[in-house]
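Below: the structure, in structure tokens.
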Amino acid sequence: MPEMTYREALKQGLREEMQRDERVFLMGEDIGLNWGGAFKVTKGLAEEFGVERVRDTPISENTIVGAAVGAAITGLRPVAEIMFGDLITLAMDQVCNQAAKMHYMFGGQRSVPMVIRTVFGGGKNIASHHSQSLEAWFMHTPGLKIAVPAFAYDVKGLIKTAIRDPNPVMFFEHKLVYDKKEEVPEEEYLIPFGEAKIRREGADVTVWGTFIMVHKSLEVAEELAKEGISVEVIDPRTLAPLDKKTLIESVKKTGRLVVVSEETKTGAVTAEIAAMVQEEAFDWLDAPVKRVNAPDTPVPFSPPLENFFIPDKERIARAIREIV
Amino acid sequence: MNADKKTLVDLYKRTLKVRLFEEKVWDLFGQNLIPGTLHLYLGQEAVAAGVTAALKKTDWIQSTHRGHGHVVAKGANMNAAMAELLGKKTGSCKGKGGSMHITQFDVGVLGATGVVASGIPIAVGAALSAKMRKANEVVACFFGDGASNNGTFGESLNMAAIWKLPVIFIVENNLYAMGTPIKLTCPSQDIAARAEGYCIPSTVVDGNNALEVYEATVKAVERARKGEGPSLIECKTYRMRGHSRFDPAKYRPPEEVEFWMSKDAVEIIKKIAIENGALTEKETEKIRNKLQKEVDKAADFAIKSDYPAPEEALEDVFAEVN
Amino acid sequence: MPEMTYREALKQGLREEMQRDERVFLMGEDIGLNWGGAFKVTKGLAEEFGVERVRDTPISENTIVGAAVGAAITGLRPVAEIMFGDLITLAMDQVCNQAAKMHYMFGGQRSVPMVIRTVFGGGKNIASHHSQSLEAWFMHTPGLKIAVPAFAYDVKGLIKTAIRDPNPVMFFEHKLVYDKKEEVPEEEYLIPFGEAKIRREGADVTVWGTFIMVHKSLEVAEELAKEGISVEVIDPRTLAPLDKKTLIESVKKTGRLVVVSEETKTGAVTAEIAAMVQEEAFDWLDAPVKRVNAPDTPVPFSPPLENFFIPDKERIARAIREIV
Amino acid sequence: MNADKKTLVDLYKRTLKVRLFEEKVWDLFGQNLIPGTLHLYLGQEAVAAGVTAALKKTDWIQSTHRGHGHVVAKGANMNAAMAELLGKKTGSCKGKGGSMHITQFDVGVLGATGVVASGIPIAVGAALSAKMRKANEVVACFFGDGASNNGTFGESLNMAAIWKLPVIFIVENNLYAMGTPIKLTCPSQDIAARAEGYCIPSTVVDGNNALEVYEATVKAVERARKGEGPSLIECKTYRMRGHSRFDPAKYRPPEEVEFWMSKDAVEIIKKIAIENGALTEKETEKIRNKLQKEVDKAADFAIKSDYPAPEEALEDVFAEVN
């Protein structure tokens, strides 16, 4: 099995779906011939599939998403890209009021099979308008499915599932995962939505996290193993649907939970997870669910500030130690 | 005039049908049978009639918060439309949408939306889809003067223009956005003036004259089908009632109201049809009676239908994965 | 002390601030002469202060908020109105990327003293695009203060504090509170942000809720008192800053907490409250924090559907009974 | 030409200062001293120079993601500007903003923003404020050709027009938005064409000629101060480098690049100044030396300054209530 980067695996998933189904097309700013996407995910696809199906758009976020909605309900399978997750603020009406609600408010007359790809996260010193993690807004929006792949293998299987889903799927990536490598099969495979993955088994404490925080948590788990603390690490892979079962079972086993994400703390996805777990597994918890998040500030620019902002391994380890 | 007699009859029927539908809605609302709010299409019937008469069944329209007229003119099942307004299970949206989301996808309605101007990008996307599918379908996108001040207007005109999409922007300029007169919010008074900046041909027509609207739309449809791109048609028109349910619309000068009330869309197209020998007075009455019966039947159907069961609120969030 | 409606009290607060400080002005769609606001809150103010200071705008939500930002940083004190909370989706960039972050990302050079008023909630059968409760998005946005007045007395004191605050304040109202009456002093008073109000004292269980849910919870408390269940009801009044202390102290006393809001459940403000309380008062909790929310669906139109959607007294009572 | 000699000197100085600043930035970036990304203003200096020369100190500008030039031309403290780019505590934003948010409020910069087109409504609001405060201040709002396709563009032009606000929209049309050539995204090629729809007077000028930009701005400023409302000036210009940090800009045809490289903003204004007897060759050299020293000093200051302490990340979220 070849090793490939997350970027390559994602592109491979897009390519396979475009080959399989001619209704699939991509649209977004600078995704085509001249640039190949701000993070080069679509590089080469315009050459391969033509500029009609890998369509550069004007800087019109709300209309990009709205046009994808219009295309989706009339028989196509658009994959719209918003260059940075922070810019989805400009498209919230089309995402949350139109795409998400259409199937419901029209009584199921028409499904809205579309994918919105965008990228979250800091670590690149590009400051407040290009570094946010806004997953929570969409998890709070009924009608949206949400994928949060953190590994190369997953991103390929999940993008294919996303494209085939008859509902609007928010497909969130993270700036720092694109270069992560993993073995990825060349043949086709799909990863179902709503199935978390236990990335490491452990007995003493469960860590549930997203994106880069999964990677950091695994490293922390490795280190703590040396101290005799056995950490189970769960990667949800999709937030909606959410695999509660895997998490709750793990918590019933370990009795302890740390939830980790790069989001600012108040109202983050981790708050939902903590609330849900204490509601559904209260009697199994031997300690409070601990949250590890960024502080409640915008994302700062300067390296020492941004490094302070983004949760590091030490903070994850500290949270674990506090409850085991 | 390049409309034949059959077309004049069609225009008369569509205009009148919308009128009768809306009068019945007003009546039911008065009887407290319609929950929530309402944005009546009364007064603007000629716009929906003229536009939809120039479209094929397989063409699309995008509607607004003031959508009953669009949907009915496009050929909606009136029973399902009326039932939707009453919040019944038999409504086209199973009672989940109501007035602001009255939609019948199977007759070519992309959707009715409560967010002003939010349908414009969706129409553009449907037109993009028509083009990419080589389907030769056209999309007519209705929106108001007020909507033209929202960001999606410029974004969408631009996108339609650069990709030469088969979409027709139909501005229903009824001179007000709620209580705000257009003179406070639009420096040119004509929305059409904004199309040129995007190299989109535009025209201003009497929106109370279904024939004028029809003829302008026919041209735009032709252009669209030939792959020459979008057009914009601004229809000057007027609401016969207030903006919504409880608005007495006292902010409108009486002379203005009077002027527009004298331009009754149904009377105008009736006169044209009769003058051109397409209909006799008697035939118009026959049509009216027939349509009135249909509308009454729809109201009856709606009233007699059941409300959805409460737990149905939980259904339809997602389409099923197959 | 005169009784007045929430609507009147709010108007009185706006009026007093406009009289006190000529930098204060209002802008929004149909707030002026011809309409007086969709819910008539500003009716009469254009006549009183002129159309320059009670400014009707075009339907341009993002630019309304952006213009308020520009006015705020150059010396005025704008109160921008977004007619329905659902429409703030169109202004998320200006609210969350600009207003909220400006003081921080420019290193404190300039404060952004502005208020954004809008209204949430269902109960009026106006369906998916006019009935949402989106507080959680803003609670997850660092840099915003958030007021959620549920009573006439509070709304007057809080709007005045909001207008005087040097930071962007989201001032959220609810469609069904406008007609609620209460005694409201005619003289000036301010209500500080970050001070919750214990609306009813109780010993067995704490209920924390917002807007109409406070009113419903009080009625439930009354009814349960007859069964011998003593319910303490807390109204936060502001979500940011959040008065954690009053809540935690109450939970330490009662050992039980139910959190109630009209938001859809997943990722709601109530999730944050539940997560926070279990984190900070785990050892005092005798039962899981129970959440009472709307289901994860768009808001439906038809009365039986909408009634099912909005949490009712029975559901609140049931949640209480489940843990006492 | 209605510019006097003093103005020509001023224009030369501003243009050159921006050039030298940006060259230094490029240099520091090459030394890995600037974290994150960068959008250099090299090539477009004449726009910022011409516009700001026509403004008073008390007037405002709204900047963009490509903001260094605007800020420096408006009279920023260069030490604080450079330190901000390096992420230092002494930066004008204490290291919290960086290149995309480089802002100095006290010299009249409303802000630099990473969200394309998001500054336009803010400029409109500042102009509204100027008008309401009767302050006779003018706001110049910079943005790109790409930004003109975003919804706030139309919304903001409209709002400025209906309220006759003292704002000047400066479109820096550098023919590309990242790698996307304007011919793919703007049917008219001239953004100015869009102003008419809002009854806003517009003009297209050579954006590499500071004098042309200046003269157009002077007229617009006059109009604004007289209370006659907004204007739009489209400046045709070109980036000397790629869009951002690592963009080699290979998507631009070599002839196009060559053409624009021959239109060097500094050389153009220098030639005009000399031809009009405002400066001698020697004087221009003296100015260059002086400015170069200032810039070098700024770089030095920035390099020697400390980074903020990590916990400072927690400061400045809110302004203190007093």
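The letters A, B, C and D name the chains in turn, as written, and every chain counts its residues from 1.
In this text, a contact is a pair of C-beta atoms (placed from the backbone, for glycine too) under 8 Å apart; a residue touches a chain by one contact, two chains touch by 3 or more.
Every value quoted in this text rests on a predicted model; they were computed, and no experiment measured them.
Farthest chain from chain D, judged by C-alpha centroids: B. Rounded to a whole number, the gap between the C-alpha centres of chain A and chain D is 36 angstrom.
For this pair, chain A with chain C, the centres built from the Cα atoms lie 30 Å apart. Chain geometry summary: the mean Cα position of chain B and that of chain D are 45 Å apart. Separating the centre of chain C from that of chain D, both taken as means of CA atoms, is a distance of 40 Å. Listed for chain D are residues 91, 93, 95-97, 101, 113, 115, 149-152, 155, 158, 162, 184-186, 317, each touching two or more other chains. Within chain C, residues 57-58, 60, 62-63, 86-87, 89-90, 93, 97, 104-105, 127-129, 142-143, 295-298, 300-301 each touch two or more of the remaining chains. Contacts between chains leave no pair untouched here, as each chain touches all the others. Chain D meets chain A in the complex at residues 35-37, 87-88, 91, 93, 95-98, 100-101, 113-117, 146-147, 149-151, 177-181, 184-186, 251, 307-314, 317.
Per the touch definition, chain C reaches chain A in the complex via residues 62, 86-87, 89-90, 92-93, 96-97, 100-101, 104-105, 127-129, 134, 136-137, 139-140, 142-143, 240, 242, 263-264, 266-272, 274-276, 278-280, 282, 285, 287-291, 295-298, 300-301. Every residue of chain B that touches chain A in the complex is listed here, in rising order: 60, 62, 91-97, 101, 103-106, 110-111, 113, 115, 118, 120-130, 132-133, 137, 151-152, 155-156, 158-159, 162, 315-322. Those residues of chain D lying in contact with chain B across their complex are 149-155, 158, 161-162, 184-188, 193-200. Residues of chain C touching chain D in their complex: 25, 52, 57-58, 60, 62-76, 78, 93-94, 97-98, 102-113, 142-143, 145, 164-167.
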